[in-house]
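Presented below are the structures under discussion, each in the form of structure tokens.
Both complexes shown next keep subunit A, but they swap its partner, so subunit B is in the first and subunit C is in the second.
Up next, the complex of A and B:
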């Protein structure tokens, strides 16, 4: 298999940090050093709109709020230490990115597409490194160089409340990511660890610490899979690792009376390293993304390479197949692109659905990479 | 804030956005000694020259004036205000009269009975939270702990030719003074508001408690726009400091130095004591003389025990019986205040709902309740245990006379502060979006959706930086502390260490001890409040203090705040991307 370059977005004037596909429309938003968010169409790879003026420094991270009806909501995390919430009303949600029927006059149509800066969330003391909406869209997590992870709750009416300030990391926090189904948050840091958090009786608490990486953990991505929970992490130690949650040992000790107070039980989760992806990167891995559609994993980083991995049955010569209940699985490299952005470093890789010109999803999946060269490249995996 | 800031944990709260910049700024220019580049030198010689370079010194006052980090570097706190520092000052006092440290029978205002050789008087003031933490750890009552602390500071550490303290006080009586003044302050602000007066004579509504130095520091550095809401009242620690420094010399002689040590549950109290606003320069004309601080040194609960260890005293073995001849400082106004507190049996106790941080909100509400016959106080739980709302309901049971709320912990402070900031500060300036097809962008109309009036529905907010309030302060004993000796306490504590879900159990023990103090001490000098007779006593005390010291009460009991301008990264105007990148590389390991 090979990754084939199928296009790229118009070159941006400065470094592009990351790209975020819309949860259900053929749109993708990028965050870049020139303090702008650009929204591109995935139908024809054209630029749809540019949002700027809200932040004083580089926009480092961007996230679409899921489950919004009748409007688009974006969160932007910036090096100016603030997080912005942007709204765009789109009454014709199904239509997508702006080419609406002409039943309304031009003035109104433009109004529909206008991005409005709704709220600034400040509180972080230093650069905001990453923002992420929870699966249901009710929580927003942000993390910063100030070593903290904040959780905000959307109270409606553009009103957000800080519900947790988590200070478990001892260094710069690089990324936050929510579990695709549960209200479980993960963060990765310059302190070489990944931490997981969930809500206890009254507050959010750190429920697991993933240690193993020997340098900064730059990126994390949950697997979208109903029956088990796994997380991929990518690090400055040039490795990407897979972690999985061990089922809790049932402690139905009859000597203890059943706890009637909600949540007073031990909230700790047991996560451990499952495997390490084949080591091919020769510099820092800045980004890892676990495809929700195909289960493939992509990584990219300082060496300019994009690598795609697939999990396969690993029963090899000499080993009995079917040893162990689930069978032995292992990760294999199925595609590799060297110098995907020339001599430039790659800041992120993101899987996103493939759309046709009419705006309906089609088979296949695209992989977007963003680089220091201001380019967003679009790849497709071909057999 | 304080919970993170402890000597055991070299980690600044909220984060030093940038490493402390003060040493760089204040380092004296290296003396450029004429050197001969051709001269052959030895390593020893070079080492000797290098050693001459002066180590950079940072004072806590520097930290308060700098916006580099919200609180200061640990080393500074430890070197300037610590139990070691207290011992050093005690040891340096060569005017020890008798080795017992006990005092002559000091009659009120009787100058002649002052120990004649003594040049320095050492006073310690103990916070109720300190007693609660020790009570939980030692399995004693807070009253017994009081006596043990008396024995430690007045008696035990004075042995072996070493000097101890002269007086040990409780900050609780001064707290009751603060609580009364806080009620008066709120009444004044409410009066201003109902007259639509823009007078600057009282803080803006809602008034925010200024007792927590972590919160004060945070506002000054991060949200100066909210400062007009801050109560201008001094904390009990500062008030007692001013009282001692303004009155004690009158009765013991002006040539006597007073060294006042406060024992607090909190590291940030050290910062408070270092404030330029809390020196004698603010209440008396000191001329060119360097101002002296109202509180000379603050040590934490844990440091009190470390002080005992340093003098080879095992605190847990001290007798919990009262010291037979404990003296009070010879200040008539203070003695009357203590007597008044002892005599006033208050039928209404502040009780559990008062919280763990002095009970500002509840006490103020109870005092205002006196003006509304038949009214009652309703308590409503907030979204987490650190947010509680209180409503004063009129006799009809429906009309809300006023509302107050308690916000403990950083996350809850965020939500309060955000609502109090002027609306425009909550919007990013110049936010605009434009269509790509060459059309000029229009400035979007900012909807004031988030600016609901929820910030101003309260007239008072009791704010403390620590989740759980002051009993959970950063200077308190932690569950894994080796000082915990009581076996039951040890069991609770080790459960708390092993299992996070048990962490609250330890804190509950401390809280229990804190609340039980109300009953314990009422016969002694309690915090029973609100009763009219006690208010009369407090008013009389305030009058007497002002007249005896010849200083206006406004100067004695109130203080001021100032915004700290951010100077980090602005050394040469805008920080260049290169510099920022370099700094990021150093501090945070890249973008």
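Up next, the complex of A and C:
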């Protein structure tokens, strides 16, 4: 298999930190050093809008709010220590949930609709590094160099309330990511750990700590596969690792070795490292993304490479199939692109659906990468 | 700032420092090339007083100075940039607390600079080059080590073509919190954010003002 470059978005003047595909429209938003958000169409790879004026410093991270009706909502995290919430209302029909023709119409109108800087969420003491909406859209998580993770709840009418300030990390928090189905939040840090949080009665608490990386963990991504929850992490130690949640220990499990997981009471979760992806990166891995559609994992980083991994049956010839309870699985590299942004570093990779010109999703999946060259490249995996 | 941290540093005589400056510049096309690149950088004042303009410090130099020209630069200067070239770029940076250069204070030393080039291959026509600079702080608890390291990194990011990957480290055994400083200096996001901090950029532009 090979990754084929199928397009790229026009050059922006500065480093592009990340790109976020819209949850159900053929749009992608980028966050860049020039303090602007750009929205591109995934139908024809054209620039739809440029949003400026909300932040005083680089925009580091961007996230589309899922499940919005009749409007588009973006959250942006900036080095100016604030988080912005942006609204774009559709005056007429709703933005469609499921009906493609409506969606494409809605998207055409977007070129005329103004984006409005609706809310500024202040609270962090220093640069906001990452923002992420929960799967249902009711919570927004933010994290910062101030070592904290904040959870904001959307109270409606553009009111946001801080419902948790989590201070478990001992250093900068680089990224936050929500579980695709559960209200389970993960954060990764300069302190080399990944932490997981969930709500315990009225308080959000840290329910697991994943240790193993030997340097900053830059990026995390959950697998979407029901309750077989797993998480991928990518680090400055040049490795990417897979962590999985072990089934809840039974009451009478006192004979088991003590859990390394710290936390409180019943809310602790038992997570452990399952595997390390094949080592091919030669510089920091800045980004990892686990495809919600195909289960493939992509990584990219300072060495300019994009690597795609697939989980395959690892049982060798002569070995009994299904010997272990989970079966023996291992990760293989199925595609590798050196210099995916020429001589420049790559800051993020993200999977997104493939669309035709009419705005209908089609078979296949695209991989978007953003680089220090100010370019967003679009790749497709071909057999 | 309060007391000087190291009031009595060891100083080298400038004429003893290794250099390829002045006497050989005309013969060194790559020197001239880099000098040319540097002359296109925004004036230090732009970094200091106008952080909200559409061309913030480091990154604007990166894109306006280097990236639109990297095509020919790749071909002409690729093999030429060596340790001496790097030394000439950074040894003239001023110390943040002494009116002396990092070369004169032996913070930057030629043997502690390592440059690696990789040849292009059919699979990878855009190989990276690598430069590692090891800094020797004047005293082992020097709290300015991070600022000096950042100055070296920013200087190299501005002057070198984008194919260079830059690692700036504190030389092993010369500082009490080597790992901590190294981790900060090589965290891309922290460096990028620091370059948007106008106070810090003011200090850095003073340090870099003496670069030739």
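The rule is simple: the second predicted complex is superposed on the first by the 344 of 383 C-alpha atoms of A that agree within 3 Å, B and C clash if a C-alpha of one lies under 4 Å from a C-alpha of the other, contacts with A are read in each partner's own complex, and residues count from 1 in each chain.
Keep this in mind: a contact is a pair of C-beta atoms (placed from the backbone, for glycine too) under 8 Å apart; a residue touches a chain by one contact, two chains touch by 3 or more.
None of these values were measured; they are calculated from a predicted model.
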Identify the partner contact of A:221: answer first if only subunit B is touched, second if only subunit C is, both if each is, neither if none is. neither
Comparing subunit B and subunit C in the superposed model, the one touching more of subunit A is B
**Asked** For A:125, is the partner it touches subunit B (first), subunit C (second), both, or none of the two (neither)?
**Response** first
- Item | Contacts of A:172 with subunit B and subunit C, given as first, second, both or neither | both
So, does A:60 touch the first partner subunit B, the second partner subunit C, both, or neither? both
Let me test your reading of the model: by the given contact rule, A:344 touches which partner, first (subunit B), second (subunit C), both or neither? second
>> With both complexes overlaid on chain A, does A:188 touch subunit B (first), subunit C (second), both or neither?
In response: neither
Which of the two partners, first being subunit B and second being subunit C, lies in contact with A:142: first, second, both, or neither? neither
Shared subunit A footprint, subunit B vs subunit C, residue numbers 56, 60, 126-127, 129, 145, 172, 190, 216, 236
Given the complex, residues on subunit C that touch subunit A span 52, 54, 56, 59-60, 62-63, 67, 70, 74, 123-128, 161-163, 165, 183, 187-190, 192-193, 196
Interface with subunit A, subunit B side, in the complex: residues 4, 11, 14-15, 17, 70, 222, 383-386, 410-412, 414-415, 418, 426-428, 430-436, 439, 441-442, 444-447, 449-450, 452, 467, 499-501, 584, 587-591
Subunit A contacts subunit C in the complex at 13-15, 33-34, 56-58, 60, 79, 126-127, 129, 145, 172, 174, 190, 215-216, 236, 283-284, 286, 302-304, 338-339, 342-345, 372-374
Interface with subunit B, subunit A side, in the complex: residues 47-56, 60, 82, 84, 86, 110, 113-120, 122-123, 125-127, 129, 145-148, 157-165, 167, 170-172, 190, 200-203, 205, 216, 236, 263-268
